[in-house]
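Consider the two complexes below, in which subunit A is the common component and subunit B and subunit C are the respective partners.
Presenting the complex of A and B:
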């Protein structure tokens, strides 16, 4: 276990399905400004280094890391870019603080999905050129295959998956940052247009634009600043293999989530996740993914997530609330900010700033994100507060 | 359903800095690799599907790979395994959307077909989705020799064993 590091500031832009007025750098500027103010940092000069998360093709420019510094107040300053999920960026920032050389490090991530007109081509281009792309199919067929295998292997039902969408979209109604809150029934989800059987339209997320900036501090610095420190107790990330053909139990289980969870739990000293963690924000890019991820993260046994969901265990008033924010199904999918969006909810909950959806007495939370089709990469982080 | 309207993307009025810079005109060349070359040639020339076996991990990789991704061993010439053209259906899905998200005129069935210890992702034809079951046996149907170009789609599709 290295030096203790805390999240001491958080800022985010307005989340919305389209944002024709601001460009992505202005969105990040907005989030960064709010983050620094939240932490009580008067000027980005006080921050030692900056980490930006981004992904190929999502900015519409190449060598996108050159376009990072100015919006963070980081021109002429040390900047690093991470290609991956926001939690992987958070891990890079954490390690910088843990060197002992830096006291304050900012981490940004964003989504400007509404500007990516051919997103399906971006995802398709991520698929293997020799063994997947020749089919010229929409790459989400991979999710259809995974879901079919998961249902078949675990006995989980389509109805149980539908209930994930029902829960998360309803949760989102209590979240002012959520764009896809609504009251839908299980029948609405089951009857929504089929995309990649058994995956229907309402099993999938809509996109969202938005930026999130986090500020990390060493323990000493955290005690000096405005906000109650939210400690990063454990963090981990893992990749199975890029090859769909050789993944361990492809579809039936999420190996990457197991790897990421185990690493984060070990670092946080957690032996029994469901007893030592109070609530979680867990990737729900597709309905079945929430259930599959909960099982891989050892919150419950394989095949039990659907049943526990039906019993209300994962509802906001349940024994282990999952995606109180509304998750990606309710808030919208924020691409590389997917994990950061989940971290943001954990921070707001632990600070007691979650408004109508505030959970009582929560002290430790888990955020987990998957990097989406066609990847087998996930990242997990455990956050807690002092008392 | 009102919420569906919010899922729609508003892309009609996007302000483009210049039509000139709108596209990313880069074309790539892909090398199938040592293992990929043999794998595709065997399909093209001999209607055979080959994997490579790591004797230490006891895994037969399909499509064939040059190295074992579990133990990092190089799988040399003697590790090539003809896995046959009959596999089992590991999973399947019915795709209702074209690659660009528009509705398909005729939905296609896509299967993950287990051959050796690996998977091939390919279309399933000559069957309705209702008649498919995970675990059933499926056979590769090859394109006529003259139409084969050294590609995954030299296999035309898979069909349930008769």
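Presenting the complex of A and C:
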């Protein structure tokens, strides 16, 4: 681990399924303005550099980085764009601070998913043009294949997966930033329209629009600013092969999550994740993904996540709360901001600003995001506050 | 000047190599649709264009009048303050005479070239301009600094788009 870096500011817009009243610039300005104010930074000229995550196909403009600066206060300033998850953007910002040349770096990510008329086409273009696209399958069939293999390989049941949706959607009711909070039963999930067997409609999260901006500081700078620093102890990301048919133990195990977790744990000096981490926000784009990711991240043994979930271990009052925010199933899926959304919840919890869903005595949290269908890329980050 | 374009394309594979099947390619065409939310600033801008007017936003700190409008001042880093109508007359800031179409095809000899220009609008802050096109003008007579005026579409044809102004012409 190099120099210590902390998150010293956070700002976010509202999170809603649609946002016709603001364009993406106004939405990001809202988040950036609140973030700098949160940190006690009066003007973005005090910030040394800016990192934005964006994905051209989601925005419908190419070279989207050119559209980033104004709403971050970054016009005429150093700006870098990352085509990846928000946690990968966070890693880029972290490394900039760790060079020792920069003291304050902002990292932004956002979703205007409601503006993409045919999202599935966008996902389809992420699939291999020779091996997959000619089959003319809706790209989510990949999740169906993977879930089938996961259930088969680990003995996890569809009921256990359904309970992930029940838990996360209920958690979301206590989160004002969540758009998909509801009380659903296991039967509701199991009886929801089957889409890509065994994956049903309620096993799948819905989209949201929203923007999140984080401000990172060197240790010295962090001590000068308003807020209690939330330290980035470890960060890591990993990618498996793009060939679905030759991924290691496809489905049963999420290699990318394992790789990302191991790297982040090593950097943070964590030997026993479930004992040294208090809670986690873990990608639940599909119900089975939460369980699969918890196992890959070594929070429990392979095949145990479903059982532990049923015993209540991952509930808000459990021994290791997972997705107290509601996760993507409860908050909604924010695409490039997926990981940042999870980081946001960890920061709010560690600061004691999580309102009705505040966890008691949490000091260290894990955020993990998957880059979504059809990728095998994931990113993990460990955050903590001063003991 | 316009004319037939000589192409210096470099050396590639021959079409026959693809046609005879000795080389395989994958072909697909992009098919993505978007509806970009205009939001507060651009939404009002488009609404006013439909009304036959051009509107900007004024920042009380730097005193700039921004056209097209945005709701915040990126320099002062604050929400800006008020809506201000500007005139539909202005000055050519820069321009180009373009002999190539949108799809990269060459404009046929004898057809008029495209005339994109940056217009600094009267009433907006100096150096702040909108991109548009020039019309009713001899391309060779266009000069930086030339005074121009908007030529609007008839009211019933306006849709709330920058093309509600057909072009700017000298006056």
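Going forward, the second predicted complex is superposed on the first by the 387 of 387 C-alpha atoms of A that agree within 3 Å, B and C clash if a C-alpha of one lies under 4 Å from a C-alpha of the other, contacts with A are read in each partner's own complex, and residues count from 1 in each chain.
Operating definition for what follows: contacts are C-beta pairs under 8 Å (C-beta built on N, C-alpha and C of every residue); 3 or more make two chains touch, one makes a residue touch a chain.
Note that the coordinates shown come from a computational prediction; the quantities given were computed from them, not determined experimentally.
Enquirer: Report for A:43: first if it touches subunit B alone, second if subunit C alone, otherwise both or neither.
Expert: Once the two structures are laid over each other on A, A:43 reaches subunit C alone.
Enquirer: See if subunit A has more residues touched by subunit B or by subunit C, and give me that chain.
Expert: Looking at subunit A, the partner in contact with more of its residues is B.
Enquirer: Just to be sure I read the superposition right, which of the two partners does A:115 touch: subunit B = first, subunit C = second, or both, or neither?
Expert: After superposition on chain A, A:115 lies in contact with both partners, subunit B and subunit C.
Enquirer: Who does A:65 touch here: subunit B (first), subunit C (second), both, or neither?
Expert: Once the two structures are laid over each other on A, A:65 reaches no partner at all.
Enquirer: Does subunit B (first) or subunit C (second) touch A:26, or do both, or does neither?
Expert: The second partner, subunit C, only.
Enquirer: Please indicate which partner A:75 is in contact with in the superposed arrangement: first for subunit B, second for subunit C, both, or neither.
Expert: Second partner only.
Enquirer: For A:129 in the superposed arrangement: first (subunit B), second (subunit C), both or neither?
Expert: After superposition on chain A, A:129 lies in contact with both partners, subunit B and subunit C.
Enquirer: So, does A:180 touch the first partner subunit B, the second partner subunit C, both, or neither?
Expert: First partner only, subunit B.
Enquirer: Please work out whether A:304 is in contact with subunit B alone, subunit C alone, both, or neither, and reply first, second, both or neither.
Expert: In the superposition, A:304 touches no partner, neither subunit B nor subunit C.
Enquirer: State which residues of subunit A lie in both footprints, the one left by subunit B and the one left by subunit C.
Expert: On subunit A, the overlap between the subunit B and subunit C contacts is residues 20, 57, 114-115, 117-118, 121, 129-130.
Enquirer: Within the complex, which stretch of subunit A touches subunit B?
Expert: Of all residues in subunit A, those touching subunit B are 17-18, 20, 57, 62, 114-115, 117-118, 120-121, 124, 129-132, 134-141, 144-149, 152, 169, 179-180, 182, 184, 188, 193-199, 201, 206-207, 241, 243-246, 250-251.
Enquirer: Enumerate the contact residues on subunit A facing subunit C in the complex.
Expert: 19-27, 29, 33, 36, 43-44, 57, 60, 69-71, 73, 75, 112, 114-118, 121-122, 125, 129-130, 133
Enquirer: Which of the residues in subunit B come into contact with subunit A in the complex?
Expert: Listed in rising order, the residues are 1-3, 6-7, 9-11, 13-15, 24, 28, 30, 32, 36, 40, 59, 61-63, 65, 69, 90-101, 108, 110-112, 117-123, 129, 134, 151-153.
Enquirer: What residues of subunit C sit close enough to touch subunit A in their complex?
Expert: Within the complex, subunit C contacts subunit A at residues 26, 28, 30-43, 70-72, 74-75, 77, 79.
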